[in-house]
Every structure is written in C-alpha cells, then in structure tokens.
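Written below as structure tokens is the structure these notes are about.
The first chain written gets the first letter, and so on, giving A, B, C and D; residue counts start at 1 in each chain.
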Amino acid sequence: MGKIKKIGVMTSGGDSPGMNAAIRSVVRTCAFYKIECAGIYRGYQGMIEGDFIELNARSVKGIINKGGTFLKSARSKEFMTKEGRQKAYDQLKKANIDAFVVIGGDGSFTGALIFNQEFGFPVMGIPGTIDNDIEGTSHTLGYDTTLNTVVDVIDKIRDTASSHNRLFFVEVMGRDVGHIALNVGVGAGAEEILIPEEDLGLERLLESLRRSKQSGKSSSIVIVAEGDKTGKNVFELKDYVNEHLPEYEVRVSVLGHMQRGGSPSCFDRVLASRMGVSAVESLIDGKSNLMVGLISDKIAVTPLEKAIKGQSKINKELIRVSDIMSV
Amino acid sequence: MGKIKKIGVMTSGGDSPGMNAAIRSVVRTCAFYKIECAGIYRGYQGMIEGDFIELNARSVKGIINKGGTFLKSARSKEFMTKEGRQKAYDQLKKANIDAFVVIGGDGSFTGALIFNQEFGFPVMGIPGTIDNDIEGTSHTLGYDTTLNTVVDVIDKIRDTASSHNRLFFVEVMGRDVGHIALNVGVGAGAEEILIPEEDLGLERLLESLRRSKQSGKSSSIVIVAEGDKTGKNVFELKDYVNEHLPEYEVRVSVLGHMQRGGSPSCFDRVLASRMGVSAVESLIDGKSNLMVGLISDKIAVTPLEKAIKGQSKINKELIRVSDIMSV
Amino acid sequence: MGKIKKIGVMTSGGDSPGMNAAIRSVVRTCAFYKIECAGIYRGYQGMIEGDFIELNARSVKGIINKGGTFLKSARSKEFMTKEGRQKAYDQLKKANIDAFVVIGGDGSFTGALIFNQEFGFPVMGIPGTIDNDIEGTSHTLGYDTTLNTVVDVIDKIRDTASSHNRLFFVEVMGRDVGHIALNVGVGAGAEEILIPEEDLGLERLLESLRRSKQSGKSSSIVIVAEGDKTGKNVFELKDYVNEHLPEYEVRVSVLGHMQRGGSPSCFDRVLASRMGVSAVESLIDGKSNLMVGLISDKIAVTPLEKAIKGQSKINKELIRVSDIMSV
Amino acid sequence: MGKIKKIGVMTSGGDSPGMNAAIRSVVRTCAFYKIECAGIYRGYQGMIEGDFIELNARSVKGIINKGGTFLKSARSKEFMTKEGRQKAYDQLKKANIDAFVVIGGDGSFTGALIFNQEFGFPVMGIPGTIDNDIEGTSHTLGYDTTLNTVVDVIDKIRDTASSHNRLFFVEVMGRDVGHIALNVGVGAGAEEILIPEEDLGLERLLESLRRSKQSGKSSSIVIVAEGDKTGKNVFELKDYVNEHLPEYEVRVSVLGHMQRGGSPSCFDRVLASRMGVSAVESLIDGKSNLMVGLISDKIAVTPLEKAIKGQSKINKELIRVSDIMSV
C-alpha cells in the first residue's frame, strides 16, 4: 500500500447529531496534512454511483453545529452484492480515492470490512449512531445530544403530567439496547424504566405504580425503550395499566424521529472533532479496519471486527440508582 | 354587589404554557390593591371540594418561567350538575371568596357563565389554551410558546428527513382549528399543510408532492392538524401516499402532549402578566362575565358569551403565503 | 416604468434573526411569479461592487431557521456619496435588475429613498432590526426572537442570583428605545426596568430596592437598556447601589451581541414570509418607496419616509404592569 | 462512631447546574435507607446559624431539572474561625445530624476536612463547580451543562460575526484552568483559544489571524479564558489586534454569570444522581473525608485531601485538535 493521497468520507445508516462535525474534522485534518478529500454522497449507494464532491477546509465551514448530514445517508442493497462493491471500487479508483472513513453503525462497518477484505482498500470507522450500542467506545457520536433532546421533551411532558395528575408512558429509541431509556429515565426522574435487557415483569410495574400513588406522587412518567422485554408495546402497556389500575389516567407519547435531529451538544462536537483527526491520522499511518472510539475519556482504536460483534452493555449501576431515586 | 375583598384564581381544562405566569399576575395584582387572593386547586373540582390555598405576592415567586400550572387542572363532571355548583358556591362563601378568575378555554368559560347566572357571582376569564381557538383575542395564552416548541421539533425532524431524502407527515394539535398547523407549516417551511377548515383534496396533495419531486426537492414535510378535513388520519395518509407515490419513503411523527409543555415564551409571559392585571382590575371595577383578550396588540375585554360562541378564524393570507413558499 | 423582470434583494445594517427567512420569501415569491431574483451581497457596498448572485427557489432551501444573513450585511460610506450611488445604479442596470427589496433599519431605508429619488429606481423596505424602533409596524423582524433569547438568558442569571441572594444589573440592547428592556423586564420578572424614554430617578431605584429587601425578596434583577436615562451606565449603577445599599451584593451582566443571533422564532419566520410576499407583490403592482409592516396583525404598507421619521412608542401600559408585578 | 441516623446536605461556593439534582439524590437515598435528612441553607453560614429544614422524598420532587440550588449557597467567613466551627458543630448536634454531604468546590472541601479533623464529624464531598478543576473526577457537576450553554451562545455570536465579517473575542469562565475555553473553543469552531495553562504568545495570535484572513475565512471567533496567560484581558486584546490588524473589525463579548445557570444536561442530572447515592452509601458504610467522582465513567472516591491539592489537567490532545481544525 502506497502513500495516501486522497481520502473519501461518508455517512451511512441512520443519521445522528455530530455527523456533520465529524465530516468537517476529516476534511480539515486532510487539509492540515495536505491530503485531498472527497465527500461521498448517500453512503455506499453514492459510492457505487460515483456521487462524489471535492471538499476543502472552507467547504465545511458553518456546519459543526448543524444536525443531520450534508453528505446525506442511505442504505444500499446493491452494496451487499459482489457486483455492487466492484462498481464502488471502480468508482473510487477512477476518482483516485485511496482510502475512506465511514461514519455510521455496525451495518456500515460490516460493509467496510467486507470491502477491505475483497479489495485491500484501507478503511476506518467512526461510530455515528444515537443508540450507543457499539463496543469499543463509551459514547457513540450523537448519543449525548439525543439524551439532552429526550430529557428536554420529557420535561415538557411532565409539565402536563403534573398539571393533570396523569401517568405517561413515553417510548424512546433503542430497539436492542436500553442506554437511552436508562439515562433519560434517571435524568428525567422517571418512576420506572422498561428496557430490552431486563424483564422486570408487569407485576412489578403495577406494584411500583401502586406504591407511587400511595407515597403521594401525583403524576408519573414511565420510560419504555422500543425493544422493551415485557412483550407489550407502549399502547398495550397503557391498556394493561388502565385495566389493572383504573385510578390512573394514562397517556402515551411516542417520541419518534425527532430524537435523531438537532444541533449537537458540545460533547458530541468535540468527540466528532477528535474522532475525525484520529481516523485520518490512522490511515496516514498505514492502519486500516479500525474504529475510532472513546475509552476512559481517551481516543482509542478497536478492530472493526470486534466493534461489530460486541455490543456495549448497559450500566447496571444505573438501574439501582433509578430504583433508589423513585423511592 | 359589595366591594371585592378576596379573589379566587384557578386553571381549568387542558394546561398551557403561561398559566403559572397568569396566576402570578392575578395574585400580585391582588396584593397591589391590597385584596386577598386564594388559589383554587384542580379547577372546578377543587372548588367543589374547597381545596383552596391562601396566596400572597411571595407565594408566586420563581414561577413566571415554569410550564404547566402549579394549581393543577382537571375536568369536573360534578360541576356540570346544579348540586355540584351549589357545593362550589358554598365553599367559596365559606372561604370568603367574592369573585374568581378562571384561566382556561370555552368549556371553562361556559362553567363560569352558568355559575354567574345561578349565583350572581362575579367571574372573569383568561383564555389559556394552546389552540388559539377563542374569539375575542388574537392570541390565547400558550399559543405562541407552542408554535415555537413545534417548529423547533420540526427543525429536528427535517435534519433526518433531508439526510435521508424522506417525506414526513407530522401531526400537530388542533382538533377544530388549524392555527397551529398553518403557522408552524409556514414557519418550518412545510410543503403542504392539512387543516380542519379546508379540504384541499387528496389529489392536490399527490400533485403537490409530485411537483416537489420534479422541482428537485429531496425531502418534504407535510403538517397535518389532528382534525384535518381529508378524513384520513396521519397513518392512513402515509399508506395512501405510499401506494400512489412509491418513489417517496414516508415516515410519520405524532407530536402529542409535548406540545403543551415548556417554559413560556417572552410573549406569553408578558401577555399573561397583562391579562392578570386586567382581570383583577375589571372585578374591582364591578365588572363580570368578561374575557380578557388581546385585540390589535391592546388588552380588551369581550363578553364571555361571545367568546364561547365564536371561534377565531384562520388567516387565509397564510394559506396563500404557504402556497407561494412551497413553489 | 416597465414591467419588473428581475428583483434584487439584500440585507443592510445590523443583522437580525429572520433576515434569511425574509430573503427566502423574496426569492420564492419571485419564482412563483416567474420573475428573476438576484441576491446582493453586503448591502449597499456589494451593490456598488456588483457583488450579485442569481437565486432560484432551491438556492434558499434550509435557511428559514438560520440566524444571521447569508447575503451578509455591511455599512457603506461610499453609498452616502452621489458617485457611490451612481456606481450602484450602473451595476444594477448592467445586471438587468429592475427593482430591489432592502431588509434593514432606518439608515438602510434612507439610502433606498435617496436612491429612488435620484434614479427613479423602484425600492421596497422590510424592517429587519431587533430594536423594534420603526414606525409603521408593530413588530420589526427579529424583535420577537431577541425577546425570547434575552428572557432565556435572564432565567439563567436568576438561577445564580437566587442561589446567592444577589442583585444583578443586566444590560440589554436598545440605545434609543426601551422595547426590549420593557418586555424582557416584565417577561423575566425584573424588579426594575431602566429605559431611554423615562427617567425614573436614581432615588426611586434605591427606594424600590429597599422595599424589595423589606418585603422578603432574596434576589433581584434590574434590567437596564443601553441608552437608559439615568445618565449612568450599568457599571456606574452598580457602584452607586453598592455605596447606598451595602446590604446588597451586586453583579453586572452585559448581554451584548448574542442578543442578535439564533434561530428565529416561529413568529419571526412567519412574519418574514408574509413580508417578503408583500414586498415583491408591491413591486409587481408598480408600487415603490414603501415599507411592509404588521399593523393590528395584518400586513400593511407605510411610506418609507414616514417609517424613517417616526419611531414606535413604548407601551406605557407595560410600565404599569411591571410596577404592579414587582409589588 | 455509631450508626448514622440523620444526614445533612448543603451546597457551598459558586452555584452550578445539577446541584438541585444532587440534593434530591442525597435526600432520596436517605429515604431509601430510612435515614433522616436535613437540608442546610446557605452552606456553612446556615450551618452556624442552624438554618435547617427537614427533607423527605417528596420535598425534592420537580427539582431535578432546575438550575441553581434551592438550599442556596454562600461563603462564610465565620466558618474560617474556630469559634464559627464550634457553633456549627453545636447546631448539628442539637439537630441530631450525624454526618453531612457538601456539594461544592475546593474551598468547601477544605472547610469540611478541617471540621472533620476538629470534631471527628463524618463528611463527604460532591464536586459541584462548572470549572472542572478538581482532581479525582473527570467531570465536576455542572461542567457539561456549562459547555452546552456556552457553545449555544457562541453559535449565536457567530451568526452576527459571519453576517458582518467580524472578529469576536469571547471571554468565558475559567480563572485557573482552561477546560471550558478549550472545549467550547473546539466545539464552537473557534480560530484560537487562549487559556491559563499555556502562553501561546501574542505574535502567534496575530499570525494565526493573518493566516485566517488569507485562507478566505470571513469571520473569526477567539475564545479567551478569564485567566488567560497573555497578561491582557479581553478588551486589551481587542485594542492590540485593532492596532496590529486594522483589516479586522473586532468586537468583544464577556459571557459572565449566565454560564452558571440553566437546566442541567442529561449527563449532569445522571451524574448528580449517581454521586448522591454514593455519598450517602459511603457515610452509611462508615467512610468519611472522601469526594465522590467519576473516573473512567465509573463512580469512584478520592480522599478530600488529594482532591483539594490536585487540579485536573487540561487535555493537551484538544489543543492539537483545535490547531488542526482551524487549518
């Protein structure tokens, strides 16, 4: 592998706040090292179509604080085929791109890994997803912003809940992992938190709500991760509680896609900036197949293979803290 | 009717941002005029139960910027009966309350009017509802805050929409009136706005979306008021568009109760302060059965009867502006 | 004067939130009526230099919610000379621009008026300034956003003030008019408000602060407009109060330029959209020398000459409301 | 030392966002373990005066999201004397308080340590300060919130800066440490960051600004920590640059006390909750003289003595990242 002269950067999979800041960092680090940089639109699909744009330090001004991704993101079925990947490789070669940085989640990393194995093409990953479900980093890019967005919304819902003495079930993102639910649950002072990792049982939920009522709480918030273990979705939970605890007036709120958007928090902007520098410097140093992560507050790399297989565990201490807080 | 010595204040019906600021204003205006003031908890239900609290100028410090209502709100079936209202009257008399100010919507005003007719009890209304659906005021209390809350959320949704080239149907509050939908639609740059007042027809929606696609728009937001005239709810609209315009990837977001909460805007805080002063001064001046409103930027009163019967019309100019903006 | 085929749009003077939304509206209204549109960079200076950009409906996507002005703004000494204006006229003619819309304050309007008088060139004004100091509109563009920005900051300062039982003097913008000070003062629950329009006297300030202390208030906020009438700036006021009321621990905060920035409120976005439509339609209708404003919630035009000479008066009712609220 | 039956909790020194959440956590953890809890108003001064309040789980509802501290904070000269501390001890004994948790910075911890040495009274510390300047924790309580507050304000200032092609010097908190300056500088995309830890030299600043101008940057933000090493304050810096780089139009903004306030971020709310649990459990376990901190994302304790002496170092990697980003 010769010297890197031009690096491609793209965002892939679901968008997350901080992706623009990470693109900016990759572009400016390239400029700093006098390497060319190309933006690849719409992830692997744009790669296949050769949908590239030359980027210099000035191209990325004014985007560090913008949500979403100006390079856009997409899922590509074609890239899952050998033919698709060959096309992508040809496009990269044609554009003189020597390596790429992909900002996304496990699916995006798997694509990069296969691509590297087939073509020996240097790749680096930056974990951009709000779910914080990737091993090898304490924080994925966008996760911190999403926590703030969600507690802010739940604060608003609580205004209404406590004005009317109501019980709200609030569904937050997290199909496989409960990081968001657990942290916003503690951060917003929820009475109960239902996550994919643990089935506390519906009986416990009723018990807890009964106790709340007795202890004089006039309103309650229960946070439910999309993939919670009770086997009931948030509307079924409402019906269940309505039936068993008619003394509660229950409402449901499904937060949905707004959890992904918004201006990134300072933490996510700084993290994106650090990760972009490390990703480009790793490629310059001849490394590949690594994900840049944050471990014990320091930037560190993890093999993409490990990042894909693993899944960051929830912090069980937080379950205990939540139980104590809802005394 | 003798001199007013003690005024009651309460919030009733759905909560809205600025209710606390209005309570504060009523309380402080009473203090200014050396009149006693009692807070009535949980609207008419608390009135029937005699759930009162003495309030002085210091009781309401630090609440001007808080969402919801610390006096809480509720709907009362009992108050709809003659017996219920008699109990309420007895409680007020027992507590030496001579008049009350109710902060709420038409339902709450209807209750006040009947109560006045039966017992000759002086009442004043402050229009507190996010829907802006009351005649006699250009702005109900909380409406301006809700507009800001909603455009802020749609800005976030647009981050995701434009990152993925998607079409979003966003349902906002407004069962009978389209004020919120129309204003946030223009304010957030929506491509189409579906409101209860006008049935633009589903064919026009499809036509507009087709044109958007052709004109190079990569993502679109359609705002749908709860009570839109198409006869389809937001999920049915999604299915309809999916079927007829398969080139669009459609998503739905139902904003729900978070639209009611949050710290009031400067406008709503000032409006609440002005309305509270006027309501108390009207009672002191021997007036009754009036709603305090904002007409051409000035505080003005309207008979409760008129406020209840009428409904503020949407501004048709905005429909035209929206059409031009989505060129 | 023949038919308008191409309209120029620019921002001039101090920036205000909503300017981008107004540019977008002018551009899209032109597109709607199939008229060409050119952006003029850096106000009159860019006009003199022929610093123009062709704008179509898609050029202005994604800017309705952005603070500042992407066309940038500047003050131009050269435009104050006959030669400068002649150059500007030549540039406009060369670019086939038939009329322009200027978004700015009185200074910008004066320039437009002189230009029209000299060259018979059609001009329209949109009042973009946070100060709300222009006659012919109840709200200038950006004013509502600034009120929200400022009360939000004062809420934060109050957290500290009340944690430490302190008195804060907070300086807000407003050299000649007290609109911002008066509204944020009421909205943030300030104890006193010092504005350019009225000299309440320093003795009254001391008296009021003494009374606050006696009535049990533990912290206080005093809002001071830049151009307040006491003849003392905010630091001198601090020293004065420190000397006369040593029982207070006094702090000062000068809010400065952050008051101008930020994403516009829903109100300002809607207002900008309405004003842009009206400005372009007025030019198409053969009108000139007018400012688009909001009067009694309706869009209405005022001769530029009148807008420049007059100055919107503060609402004296608010002074009374503020006095009652700080009982 | 017998079994702990009643714990006191207080806030001391400058307030920081999350203090209320930490108080809530201490109170609820006490309730969980069926220990009594007393709030101590105004820090050590309130302790000396016996200004206590009994707190139960319900007393602290609705405060997790509030800035400031409802127990208020103060500095106490009297507590620096042996007599003052003796009075404080007598008051605690009289109120049957067996141990206390102090939320504050080094000064507050020093007081706690001396008090423990003199009276053998069990004490625990929670690091509540926005400066992040305490050894033994990667994050002090309030620091994360302040970073978000400050980048949000700088985003607003940048709107104006880039609309007018200006250079802004923005002064942020940090008398002895540059954590805030360094992180918001990277997070807000500042061109230069001046911190107390390093004197980059004024010549380098000029050089950097000259390069910015040449590279086509139209506006610039320079972040200056209160205690920066250049020996010039932010106004002197402005004059210096004005003199040497007349091509720049320079403005100054001093952010001041608003940096301390506001609703805590999700991170700070969760951190506060975790720290409160650990502090109370440590006391129950018979421990004392420790500070609860976050080390590598885990809750861990550090001797107060070590926390006081040390000072957390800035992350030099961030200086490098900042240099690369402003290429």
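Everything that follows uses one rule, which is that a residue touches a chain if its C-beta (ideal position, glycine included) is under 8 Å from a C-beta of that chain, and two chains touch if they have at least 3 such contacts.
In UniProt terms the chains read A, B, C, D = ATP-dependent 6-phosphofructokinase.
What you see is a predicted model, and the numbers here were worked out from it, not measured in a lab.
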### Task
Could you work out how many touching-chain steps separate subunit A from subunit C at minimum?
2
### Query
Looking at CA centres, what chain is most distant from subunit B?
D
#### Entry: Centre distance in Å when subunit A and subunit B are each reduced to the mean of their C-alpha atoms
35
### Query
So, what's the distance in Å between the C-alpha centres of subunit D and subunit A?
28
### Message
Need the CA-centroid distance for the pair subunit B / subunit D, whole Å please.
### Response
39
### Task
Indicate the residues of subunit C shared as contacts by at least two other chains.
155, 158, 162
### Task
For this assembly, give the contact graph shape among line, ring, star, complete and other.
ring
### Query
Given the complex with subunit C, which residues does subunit B contribute to the contact?
24-25, 28-29, 31-32, 57-58, 61-62, 64-65, 138, 144, 147-148, 150-152, 155, 158, 162, 183-184, 186-189, 215-217, 263, 265-267, 269-270, 273-274, 277, 296-297, 299, 315, 317-318, 320-321, 324-325, 327
### Query
For the complex, which residues does subunit D have touching subunit C?
11, 15, 17, 19, 66-69, 72-74, 149, 153, 155-160, 162-165, 168, 218, 251-258, 260-262
